[in-house]
Each structure stands twice: as C-alpha cells, then as structure tokens.
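Next come the structures, one after another.
Heads up, the next two complexes both have chain A, just with different partners, chain B and then chain C.
And then the complex of A and B:
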C-alpha cells in the first residue's frame, strides 16, 4: 500500500473508531465510514459488540504476565474497564494495549500490587519487540568503530531490543509466571527486599517462531545501556559502566542478536 | 588497553568473523512471507487488507488464533522459509484447499517445534 493509501486507511479507521465510541453517532463526523439509517446503526452496534471481545483477545496475547497475575475473569473485567476508559486511537488491534500500563497505575483496587504497571510495561515491550523490523546495522558501522575515536561515536539500538528499568524485580516476577514450578517464596522475598531490575528484552534473530527473550541485566551492563539510551558517547558510556563491564562480549551479542541499528558519529561540540 | 584500542579491536574481530553475514538481511526487501510457521498471536501483518493472511478472517499482526496455520505468515529472511518448514504463497493456497492436509501440516509443525 502506498503512503497516501496508508494515510487514508488510518483516517478511515480513526473515523470508524470515533463513530463506535460516540454516544450518538454523528453522521457528519463519520464521513464515508457510515451508511445511512438503520443499516448504519446496525453496523455500528455490531462493531460495538464485537470490538470489546476482539480487544480482550488481543490484550490477553499482549499482556500474558498481567493475565497470569490476575486470572482470566479479573483480566477480562479489567479489559472492559480499560476499553471504556481508554478507547483505542488506532484501528489496528496490535496497538490496543498501548495505554494499559499507564491505566493500571490509576486503578485503585490494583494498588496493592504496585509492580503491576511495570510488569505490564515489560509485557508490552516484549510484544513490541516481537513485531520489530529487522536491524539495519551493516559492516560499515563496525568499520566505523575500528577507525573513529569512541568519544565521537554512539550506538543506536534497534527495535529488536528493549530495556526497561524498574524499582521492582520485574524479570523475576515475569519468569515465575512462565513456570509451572516457580519458587514463589523467592519471588516474595525479592519483592519484599525492594530489589529493582533492569530488563533486557529481545527477539532472537534467525528463528521467527522463537519466543522473545527476557533477562535481568547485571549492574554494569545496566549502567552501559542507560548511558547509551541517554545519548552518551561510547567512551563516556564505558566510564559509566565501570571496569566490570565486558564490552567485547556485549558487542558480540549485540551484533549477533540484532540489537543495533547503527554506529552514529556524534556532531562536534 | 585504552578505550579506543578496546573498541577498535573488538569491532575488527567481529568484522573478521563476518558475524553480520549470519544475521538476517538488514533490509525489508530481503524478507519474504513464510506461511504456516507462526504460532498463535505471532503472525506478521501490517493490519491492511492487502497484507492479511489467506483466511481473510483477520487483518492484524499478532491476531492469529491457531499455531502453524498455513493461512498466516511471518516475514523471514529470503531463502530461509523452507528450512523453517514453512510454505510459500502458492504452496499455502494449495494446502488450504485440502482440510485434511492442512491438519496434517499443523500437526507436523507442532511435532517439529515441540
């Protein structure tokens, strides 16, 4: 589909969503998505009825950890509340969960599980990573690393990897909900200790059916990726990471796993 | 070893190993649709009709309901689909005309990936 075609389809979907969520559908506002009279009303009613069910199915796939924490019944009730509180802004169901993590932080009866919004952010990051375009890094980028001063370069992360910093042990919590024989005592202990974690989320290359990988970064690597995310040059990021950071091992993994889109020359100060 | 040496030496060794050659191609042009390899919820699609799976039941990325459905595709590096056990468009269309063959294909893919 051409760029104008995509823009027109996006606008058509936006108008349809506005009509579905409008208390009284305004024919003028609906534009070409609406038909007239009873047929239009019947069509909108069908969309209203099916929309929540489709959204709920999509949200279950997008937030497996939150689903496991709450259970199906409570999760479906949450979906219904979210559907009303945060109507989707795009017609593509792949984006329906975009605002769920922020919404969870506003739900008072979920406040007893304060790590839930971050767990949802981790689920959403995994979902986004699973749909990421391939990395764009080339041999020319690596060549740049061999020639230029690291103080003049930075690394640009690809969409195939994400990093999420949390005050909660979100990776431990996530992993426990993936296992049949999880050590819940250890999970409770980590939560009680207030042990925060930085999660690294990536989509394995070469095997499209492989599950997204999630692991907790140790402190030095966490400082390294945080510095790069702030736009620091490679030399400064190495300083921030400290002597414990194994740059060679990290770069090899970054290249083979497609974590980088490029090596960027920073503008002279 | 100073930082410049560390970075340059590491990058040079990775270049020598040609690790990038083993990564999926770096442009979307080198990708192809591979049918029958997506697990439920992991199909690729841009959410538009011309990109929907062959079933026409859903047009959105990540909304497939069945594992290894020959009607749904994932984008993979060109030339790797057959190695993953997947089907090209022509093979997938032929498969979908035969419900028995479709079920057998899905079972075979489940076994292959279990």
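And then the complex of A and C:
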C-alpha cells in the first residue's frame, strides 16, 4: 500500500465524517464528491439522518426513564446534541449510550433537573445488567465461606447485580415513570427533601428475558455493599453495616439471585 | 427445516421471533444482523441459538467498516469471531464501506452508517487488507456487499464492477450482490433507464469476475424521502428489481437469496411470500440450467 494513497483516503474519509457530525449541514465540507447543489445537500442529509436515527433508536431502548422524563421530542433533540458532541466510538450500538450520563451533567439547560444524570446512570446500569454474563460462583466459594475467618475473606459481586449511590431519590423517580398512576406528589416531596437512595439493580438468575429489577436499599444494606465495593473484608463490612443488617437473609438472596462471582481469600497483610 | 435444496431466506427480526418459531417455515436460511447478537448472555442470544437448531444462519454485519482507512476495531472483529464460533453460520458478510475515521482527542468516531468508499487503488488496498485480516481471524471467507451510496467520491480509478472483481481476485472473498442497492444508485443517479443500468452493471461484473464469486443476493424495497431514494428496506421488492434479479440469475445461476425488510415490517406471511417469489425464480433458473446441460 502506498503511504500517500492511504493518507489521501484517510483524509477523504475524515472530511466526510466531519461533515456528518458537524452541528450545521455544510455540503461544501464533504470533500470532492460527484454530486453538487441540492443533490449533494440531500446526500449529506441522508447520512446525517441515518446515523442519528440509528443512535436515537438505540438510546431510546437504553434510557427509558430519561425518555419518559423528557418526552419523545425533547429526548430526540437531546440525542442529536449528544451524538454530535460524543460521536460513537464503536460499531456496536449497544454501547452508544455509554457517555450519555456524563454528557447530561454538562448540559446547562438541563441543570434545573439535577437528578437527570443519576437517572441516566440508573438506566445505563439496568441496560448493562440486562446483558450481563451469568455469575461464576462455585461450591468451593461457598465452602470457603463456612470454613475461613470472615476477616480473611471478601465477596466479589457478579455482573448480574449493580449498586448505584445517588444524592437523589432515583429509584422513586424511576418507579414513578414506570407506572400509569404514579404518586407524583410523593416524588416531588422526595426530591424536595433531597432524599438520596442507593439503587440495587439485578437480573433474575437463569432468565435473560426477565425484566431487570431495581429497588432502593435500606441504609444498613447500602453500607454493607459500599464496604464490599471498597474491598473490605466480610467482618469489616459487617461492622460498617451495623447491627440492623441481616447477613443471613442477604446472603440467601445473593446466592439465589446470582449476585456473587466468588468468595475470595484476601492476601495476608 | 434446513433443506439444502432451498436457497431463499428472510431477515429474522425481533417482532417475528415468536410467530417464526411457531410456524417453522421452509427456508434455506435466515439472516440476522451480527451486531445484535454479539452479547452471548442476553435474550436475543437465546433466540438465535434456538433458531440455529432448525435453520442455517447467515450473519450479516453492519459495523465492521471494512473500507476504513484508519483500520478495523479489534474488539469488533473479536466479537464477530466469537459469534461465528458460537453459531457456525452458513455465510458471514459485511459491506464495502467505511464508518470509522480519526476524531481528535476521542481517537475514533464511528458513523453508525455505511459510508461510501472511493473506487481508487489506495481504497482497494485498504479494503483488501482489512478483508484479509477479518478472514484470517475468522478462518473463513467473507462476503462483501456493494453499497447504496448517497454521495460518490470524485476520485475514481475503477468502475464499481471492476473494483469488486479486483477485490474478489486479490482477497479471496466473495461478493454479496445487493440488487436493490444497484437500483437505488441508478435512480439517484437519474439514469435514463435504471433497469438497463443495473443489468449493465451486472453484465460487467459477470464479464470481469470469476465464476461463483456471488455467494448471496439481497433483494429489498426502498422509499423516496426528501429528494432521494433511500435504501431503507421498508417496502416490497420493486418489479424492476425482480427483473434485474432474474437477469443476475442468468449470469450467476441460482444463488442463496435474501429478502431484507427492516423498516415498517410487514406480517411474516408477506415476507415469506416475497421469499417464495425469489425461490420460484431460482427454481425456474435451475430448470433452465438443467435443460441446457441435457
């Protein structure tokens, strides 16, 4: 392959891609193409429309709560701004929403809904969980749990479960947008009170088509999962959770729902 | 259901999953979009695994961006290889397009679309190198599809059939001949006789390329939108495309043929009716071939 030839093709392709992602359609920016005038404008518009439509369709599936909050028209307008600001890096549209939560935090005209980025994080966590690999926990892991000192062990979460801390009542907001007869006064009250929530997101074990479950953790469980996420040993995590935490009940659910990948022996200090 | 004598197939899309599995229609294969099944752990993967027990599957990708001068996405290639290993498809295909290009500090941008490539020597080198890499990784030949293009680069050192004939010769890949794409291009180029233009394209390819280069044919419908004909697979196959298909069969003999329908999905019976028409044309062609051989 000749280097100048490759460089010329790279530049030709870069220019067309830049014209597609540019905020305003500028047919002159496509580079040297056969079409001109209105035909060139129409060709560029087709490409600008196709890529955006594909991204929008995927983002609607990935962010149902944000879509419900904003409505279709505003959501599609947001998608267009996001798509141009953060062009996809991959050809697999399953990843197109990866940067949307962080992007939402930068959009000034959405600042009046400061919980929106966290709601988007919750949607994204649910999307990822719906595609998660099954848990890898083995009988040997469970055996370890009965034999070793809890101070020497920690628990590894599987990809089938996620936890998300927010300063906003994101689970209450999410659930309200799933219901036809939501108690919006209660939602407004929770937002006004600044009641933060930790969301637990999981996919029921053994049924990839089952809906992802989302619930708010009570404080003790929230402290427990936060400690484990920091890499604490089981004994320390139990201390952090406090006396109100029911370890046996949590472990039973964690095993039956596939929340754990392993019980790991920590290296000696 | 895996009748080796049947050559016609349909694109299997999510709204038809349940009815399709209940009906189990007689088809040579079903086609799915590779990227929709990259994840081995979701519900779609389960559906495909079940369908694969009864049907041959043709994996058709839209994201490899084989003509990208900046190269391929290694992770995408690996995910395709993993899917191929799981499904053991009858054919694997993608498009002669680019979609990836350098994008400042973000590294790369992907257009999520099938963008045109220039029919130049350098572009052919790039496409051959990328196709070769994928084939090496998959340990099997690819089929590469001709595009419907809404813009054409002025730089051109080959006609499009010449370009594809060279691609096949140099890379060892096959061609996925999309006849609707040829027709859409002819309409958008305001060809005085679009059907004749498509047949001339096919004639030139048949003259230049080795026998057996066409591994699959795609047929679809299109729509008119804002001054252009858009290849959106939203309608029945047009009569001119059926005529061009019959013309292509005359050159390439009976070839596995897919009815693509992605937008405004019809009922499954309508889709199967279109596939049956393709099957009838293939069967007629086979009859003609047999008579000629006798």
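As a working rule, the second predicted complex is superposed on the first by the 220 of 269 C-alpha atoms of A that agree within 3 Å, B and C clash if a C-alpha of one lies under 4 Å from a C-alpha of the other, contacts with A are read in each partner's own complex, and residues count from 1 in each chain.
As a convention for this text, contacts are C-beta pairs under 8 Å (C-beta built on N, C-alpha and C of every residue); 3 or more make two chains touch, one makes a residue touch a chain.
Nothing here was measured: the structure is a model prediction, and the numbers come from that model.
**Student:** Quick check on the superposed pair: does A:101 touch chain B, chain C, both, or neither? Answer first, second, both or neither.
**Tutor:** So A:101 meets neither chain B nor chain C here.
**Student:** Just checking: does A:248 make contact with chain B only, chain C only, both, or neither of them? Give me first, second, both or neither.
**Tutor:** first
**Student:** Which of the two partners, first being chain B and second being chain C, lies in contact with A:117: first, second, both, or neither?
**Tutor:** Neither: A:117 stays clear of chain B and chain C.
**Student:** Touching A:235 in the superposition: chain B (first), chain C (second), both, neither?
**Tutor:** First partner only, chain B.
**Student:** So, A:137: does it touch chain B (first), chain C (second), both, or neither?
**Tutor:** first
**Student:** Looking at the overlay, does A:88 come into contact with chain B only (first), chain C only (second), both, or neither?
**Tutor:** second
**Student:** Name the contact category of A:150: first (chain B only), second (chain C only), both, or neither.
**Tutor:** Touch status of A:150: first partner only.
**Student:** Between chain B (first) and chain C (second), which does A:12 come into contact with in this model arrangement: first, second, both, or neither?
**Tutor:** It touches chain C, and chain B stays clear.
**Student:** Quick one: classify A:169 as touching chain B (first), chain C (second), both or neither.
**Tutor:** In the superposition, A:169 touches no partner, neither chain B nor chain C.
**Student:** Where on chain A do the contacts from chain B and from chain C line up?
**Tutor:** Residues 1, 6, 9, 54, 91-94, 130-131, 133-134, 208-209, which sit in both footprints.
**Student:** Over in the complex, which chain B residues touch chain A? Could you list them?
**Tutor:** 3-4, 6-8, 10-15, 19-20, 22-28, 31, 34, 37-42, 44, 46-48, 50-51, 60-63, 65, 74-77, 80, 84, 113
**Student:** Tell me, which parts of chain A touch chain C in their complex?
**Tutor:** 1-2, 5-6, 8-10, 12-14, 16-18, 20-21, 30-35, 38-40, 42-47, 50-51, 54-55, 86-94, 96, 130-134, 208-209
**Student:** Going by the contact rule at the top, pick out the chain A residues touching chain B in the complex.
**Tutor:** 1, 6, 9, 54, 57-58, 61-62, 91-94, 127, 130-131, 133-139, 142-143, 145-147, 149-151, 205-209, 234-235, 238, 247-248, 251-252, 255-256, 258
**Student:** Using the touch definition up top, name the residues of chain C that touch chain A in the complex.
**Tutor:** On the chain C side, the touching residues are 35, 38-43, 45-46, 62-65, 68-70, 73, 75-76, 79, 98-103, 106-113, 115-118, 120-123, 125-126, 129, 150-155, 225-228, 230.
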